[in-house]
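Both complexes shown next keep chain A, but they swap its partner, so chain B is in the first and chain C is in the second.
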Partner chain A sequence: MKNRARASLYIVRYGMTGIYRSLAKSIAIIFVVLVMTILIGIISQTIFLQEQTLESVYAQYFIDVTVMDELCIRDTNLKLPSKYYDIIESNLHNINDYITGIKIRSTETLVRYGSNTDSEQSNFGTVVGLTYLPDREEFGYKFQMLPGYTEEVFFGDDLVCVVPKKVYENLKNKYTMVFHGLEEMDDPISYTVAGIHEGVTEDFYCSYKSYNENFSRDEFNIYSFKFSLKNAKYSDNVSSILKRYFIEPSIAGAVKREQNELKLMYEYSFVMPKGNLDDVVKPIESDIHKLKIVEPFLFILSIATGFVVSFLSTRNRKAEFAIMRSLGTSRGLVFFEAFIEQFILCIIGIALGIAIFFVMYGSDAILVMWKIYVFFALYMFATAISALYVARLNVMKIMKAKE
Partner chain B sequence: MKYSLKKIYRTPFKSIIFIFLIGLSVTVLCLSMGMWKYSYTSLKHSKDAFTTIGILRELEFTEQTNRYSAQPKYEYGLLGHVKKAATESRYTKYADNRKYLMGYSSDVKSYTRNGSHSEFYPYPYSIVTGVCEQVDYYMNSANYSAIIKIDKDDLNILPYFVEEYNYEDVEYIDIRGLYLTSDLNFPFKVGEKYIIYTYIQSYDVSKGRLNGHIDYIKTEYAEYSEEYFLTQEEIKEHPELNREWVNRITDDSMLSCHLLESDAKTFLESGNKRWNDIVENCRITKHSLEMILTDDMNSIYSFNAGDVYLLRGRAISKEEYEHGAKVCIVNALAASISGLDIGDKISFSVYESDFMVGSKRVRSLSLGEGAEENDTEDFIAPNGYEGQDFISEIEYEIIGFYRNTGAGVRGELLLSNNVIIVPSKSIEGNFNRKPIIADLIREKDGEILRYSMERTSIPGSFSVVIENGKINEFEKEMEALGYAGMFYYFDQSYSEISEKLDGYMSTASTMLLISVLAWICVSVIFLIIYMTRSKKELATMLSLGAGRVKAFISEMTGIFIIVTIGAIAGYIAATSLYEKVIERTISTSLEGLSTSVAFYEKVNSGVLMSSNIIWQSVVIQAVILLLIAGLAEYRQSGQNVLKLMKGLTKTKNEK
Partner chain C sequence: MSHDKVVLQVKNAVYEYRNKYQTVKAVNDFSFSFEKGKLYAVVGKSGSGKTTLLSMLAGLDVPKKGSIYYKEQDTKEINLDKYRRDDVTVIFQDFNLFPLLTAIENVMYPLHLKGIKDKEAREIAAKKMESVGLDSLFQKRYPSMLSGGEQQRVAIARALASDASVILADEPTGNLDSENGKNIIGLLKELAHSGNYCVIVVTHDLDIASDADQVLNMKDGKLVFSE
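Right, the complex of A and B next:
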């Protein structure tokens, strides 16, 4: 045992000496391993970085989607059936994961309003259902929510409304507005005042859902329908969802004569102006895609290169091993010597490669460690094969320089 | 050479390993170079997708018509010099001097939504025939009002918004006019039928009638009119006027209405040239669209900023601009009301129109609030057809429709809804040389002053396309010439995105660099291992009397064969891999492209598919390897035989 240990130690020292004696070759092998390690890491890292770049490019684009009539002429006064609201409310095909700033505006309905349920004391006005708080440009006057209320109220079915400021100031009870229909049999509905606007006309605004339930005279009550994408990268996802319900303008311009997923005829279209997004992003996407296809090949090629270098380095020293065998070194020790030398060189190369990669890319280096393990394993496997082959060879054959 | 071949044959396994090593390193490097080249071309295409423009606000150089307009920031005389300097800048790719013409075709209709002059002038000018049922001054208004019952069976040339939406309901039109006849009567008499050339402004839903004006902008014949103070007798003679002064026309033949004794057709056939011209001009204008001749639609602010975008079809390509192809992009609204579609060909009779200068409010005013500086802005609109000669007749193919996200109001940086875009080289000629006359009103010491100014260019017709990323350099150049701050720049967010794209390219370049290093390392390993073996053989050959040259050639032949076979194997592997990868990449990336054409064309043009880079890099690698090996062998072959032998002995002794 003691002799074995001493022999092993001697072999290790011999290996280190061998490395030192063929310094140029040793450095070259370390360098090959180092570079291959970095190459393997950098291929994966490149894809990761390119995808990050793509994300940041997408973030520069803001895409609005507008529903329009069949021929893409009008985006207002659409008379869109209320069933299209289901797309948002029921989150069909998870569309809400991709969109934001949903702006659905209803048609107007004439109503009577007052501060109590007595319809004879009421005045005439109009109600419009919305899913958003409008800005000044839309109606020509400013809107604001009262304390305790946010724009979110427009997305629910709570009975809240926005009233003209002058009406609000005259309300006896500043919290409630009562609406009556135009027919005598219509029941009065009480709404809580959640906001005010500075318009001079008797226009009232409530959530689209409550409008649809309480005020709408027919189902064709969506006046306009717009929204934005949360991120430009969702343009294809949203496009494929919308094509289930709307026509997409195309070169052919063909009008669809069939039913959509809501069992309604394809009578409306959508536009999603992307500007130069496709021209900017498609080349990058295609480049990343190409890299993903090539990555496994490059990985295999890098490993194969390491495999061959290791194999060659060991086999090249056949004569040396023959002399060791002729001097009485056992096959096992010969194998061990060849193996340990390559092991040391490989470990140094990999350690340096990982260190450099870590300096370049920080903690992301951890993500590619498994690939480096594979490289190391295959490199040592090649060394083992070659060393085993050399250790088993007939000494006299090697001396005769025959294989 | 025979010896080298025999040597390779005698040690096949080792030779194969060497070839395999060379082949592998060549493949890795070639693939990396191919990928880098693809990345570079893709990235270049991405960057070329941006257009950076510099525009001037010509309104900052001009006195505007509204009396409350702010003074111009710069002298008008500077405008020409600034444009010239910008055109000649070394950062300017090209300058786009757009021309404005009109094209008439009986197959098209101009779009109007109402009679707003800042949006739809001159299209609401109409011909109406009907009987006057009532005429009077409206309260204290300067205009009289004549209610005309429209004769729908007679000649009526009405704008789109009337014909399409209101015509079934409309029976009456309320014609307002400023001028009385020369004998101080209303131009309309109750019970009489008239043919009227009027500008229809709106449809009054509550009264169920149209509103029109007959003394409006181009039909306000100021040179044939005067303010007239009535004498006492005249006041008594005309109690219906109920005022002390009136506006009256001095030449009754210039009135924009004419008494009809029968119908319009008979009247026109009688040969009245003025009215035949008016009717023809009105008809041609209604069926005209405004043509913008440009060298790049992305140099137009509205397209560049995304206010206007391609809805269907495709954009005009670079080649089409260069060759003056007869293609056009039409406003989607105008196209739909005319029943036009992509691929349709329309024959336009092209003419050059005069322009009028109007003023529009750009800030909403509260009730009772007066306009102040910067509340109004001038706009330019064509007067339409007024009898001028046609330049030529040209057939255009519609290749795309654009949509205006705005209302289509006219403005320096805005596009109206009756515009079609054509390549400037599709029509030859030198256009828009006639100055535009702007009538200005100013107030000085309580006195109203009216005077005219000439404008030599159309605001919004000029922009420079600057090299992407060179805005600062361009502005510095303008600053050096004394034109600092005059230009406004729009680059479609290139400045934000280009940094990211540069980072992208640096990552791709890093990968290539590492691949090159890998190749170098493998080549070094190969050379070291091969040279070690070669030393022994060289020493043997030299000691047996072979000449140095022969020995060198013998060794080099062996290296040459191995390197060549390895390079060929690497080339085959790299090429087939590269082509397969590119094929798959392209087919995936072409999915989902909508209006983008340029990338589609680029990809199909073979630029990206070319594998030239592969064989070029193989050749370079092989040559470098052979050169280095040759140098090493040359050095070794020149060494003393004993030294070569000693190198081997030293290794043995150290054991």
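Right, the complex of A and C next:
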């Protein structure tokens, strides 16, 4: 075992001697590896920087999507079927990745209301279903959730509601609101008060889902439908999803006359104002796309270079490896010798390449270093193939060919 | 023939390979016993199977049929790398020295493979070089700085350094002038007789063959006669 270790160490020394005594060839190989390293580093770094630029551009854009009527004139009083809410609800998990601030507002329904089921009430008000807590700007007054409740209640089917402050103050039971239907809604329904608003009109707000189930007169009960993109980069993804249900307005004004996935006619459109986003990002995306096409070729080239360089350098030394074999050097040691030489040269080349790369890009360069490691692994893999080739040579054939 | 002296024994060895058109029997039912202390010359025309035989004797290949025994051990059952490291050694026509190693480093190579330390290996190598007529002046010269005869002597010194009992030589004088050729054959003969080596020389030069203790004539892979 000790002798074997000494023999292996000697083979490493033999390799080092070979590198030192054929310096011109060694420098040539180091130079090739160095150039490949810098090239891969520059391309990877350029892609990385372009992607960062793209991210920062996207971060500067806030895109709100609004559902409108067929001709893109109205964004309110849409009378959109409740099925559109079902899409959101059933795909909430996926949609959440792309969008935020889903604002669905229902039509209004006139109701009688009171603080308990027995009382004879003749107060009238309207109920509106929402998926969000409105701000002052939308209805002209301030909304406030009571302790223990958050905006989340609007995205469920809990029987909770937001009531006018003056109604809340007059309630016998401070926490229960009872609604009586005007026509078909004969059975009273109790809602827990989750918030108040300062409006003077007797408007009540509950979750859209609960509105749809308890107050809606028909299924065309969505008054308005808006949401925002989490990131402008999702605009294409969201757009392609929306096109399954809505018309995307075009300059030509052509309208689809067919049913969408909800078995409804394409009667509504969506507007996604992107400003000059496309003009800004398309050239950057195009650059990244081109570089990403080049990148895999560069890695293939690194394998090819590793193979050609090590194959050419070992092929010229076939006789040398054959002598080694004839003197009793095992295939394993011959492989090791051929491999270790290229390994040392490759390490030197990559180390120099990385040093230059760091001088060019500073500490940012560390972020794409893994690509240089991949190059190193691929190069050594190709080298191993050619080392395997020399380890399996037919000694006598080479000796006779040499003569 | 003394059985004590037999070091290599070839029994009904057959080596065949397939080319595009046919199966060729390079060595066909070859049997012979090689003894220590003798110089053998294997002669025959090109394609007669000499080199294939040498390749099998050197443990670079094994017979497809039949066997080769080294000290009664079938070469099919032993570690051939170790066999080449310790028991047989090959000298080639083209000298085949490592071009980037000096003469003494070339001779030290088989010693390093055995795990011998540098200082000891250097001492052994220097002695082996001296034994083939190369003094210390030659030690640090690279093969390209040596004449053909000197290179072949380094190759022989390297063969001796491995301490093998069988020396195989494939056309060892092929690249030498007649005087150097004669010297090398003389050296090999001396090694066989005074060093008790079994030296097997493959050659097509009948003058060289005449110096051998025994000549083996091969034709179509078969041993035609030995004298």
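The working rule: the second predicted complex is superposed on the first by the 259 of 403 C-alpha atoms of A that agree within 3 Å, B and C clash if a C-alpha of one lies under 4 Å from a C-alpha of the other, contacts with A are read in each partner's own complex, and residues count from 1 in each chain.
Criterion: contacts are C-beta pairs under 8 Å (C-beta built on N, C-alpha and C of every residue); 3 or more make two chains touch, one makes a residue touch a chain.
Being a predicted model, the structure only gives us computed values, none of them experimental.
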Partner chain in contact with A:369 - chain B first, chain C second, else both or neither: neither
Which of chain B and chain C A:320 touches, first, second, both or neither: both
First (chain B), second (chain C), both or neither touched by A:110: neither
First (chain B), second (chain C), both or neither touched by A:308: first
Chain B versus chain C as contact partner of A:330, first or second or both or neither: second
A:7 touches, of chain B and chain C: first, second, both or neither? second
Per-residue touch tally on chain A - higher for chain B or for chain C: B
Touched partner set for A:396, first chain B, second chain C, both or neither: second
On chain A, the residue positions that both chain B and chain C contact, one per complex: 21, 320, 323, 403
Contact footprint of chain A on chain C as seen in their complex: 51-52, 54-55, 58, 60-61, 81-86, 89-90, 92-94, 96-101, 105, 109-110, 112-117, 158, 162, 170-171, 174
Contact set on chain B toward chain A in their complex: 11, 13-14, 17-18, 20-21, 24-25, 27-28, 31-32, 35, 38-39, 41-43, 45-46, 49-50, 306, 309-314, 332-333, 336, 341-342, 364, 401, 403, 405, 492-493, 496-497, 500-501, 503-504, 507-508, 510-511, 514-515, 517-518, 521-522, 524-525, 528-529, 532-533, 577, 581-582, 584-586, 588-589, 592-596, 598-599, 603, 651-652, 654-655
Chain A - residues contacting chain B, complex: 21, 24-25, 28-29, 31-32, 35-36, 38-39, 42-43, 45-46, 49-50, 53, 56-57, 60-61, 71-73, 140, 236, 239, 249-253, 271, 273-276, 278-287, 289-291, 293-294, 297-298, 301-302, 304-305, 308-309, 311-313, 315-316, 320, 323-324, 403
Interfacial residue positions of chain A with respect to chain C in the complex: 2-7, 10, 14, 17-18, 21-22, 319-320, 322-323, 325-331, 333, 395-396, 399-400, 402-403
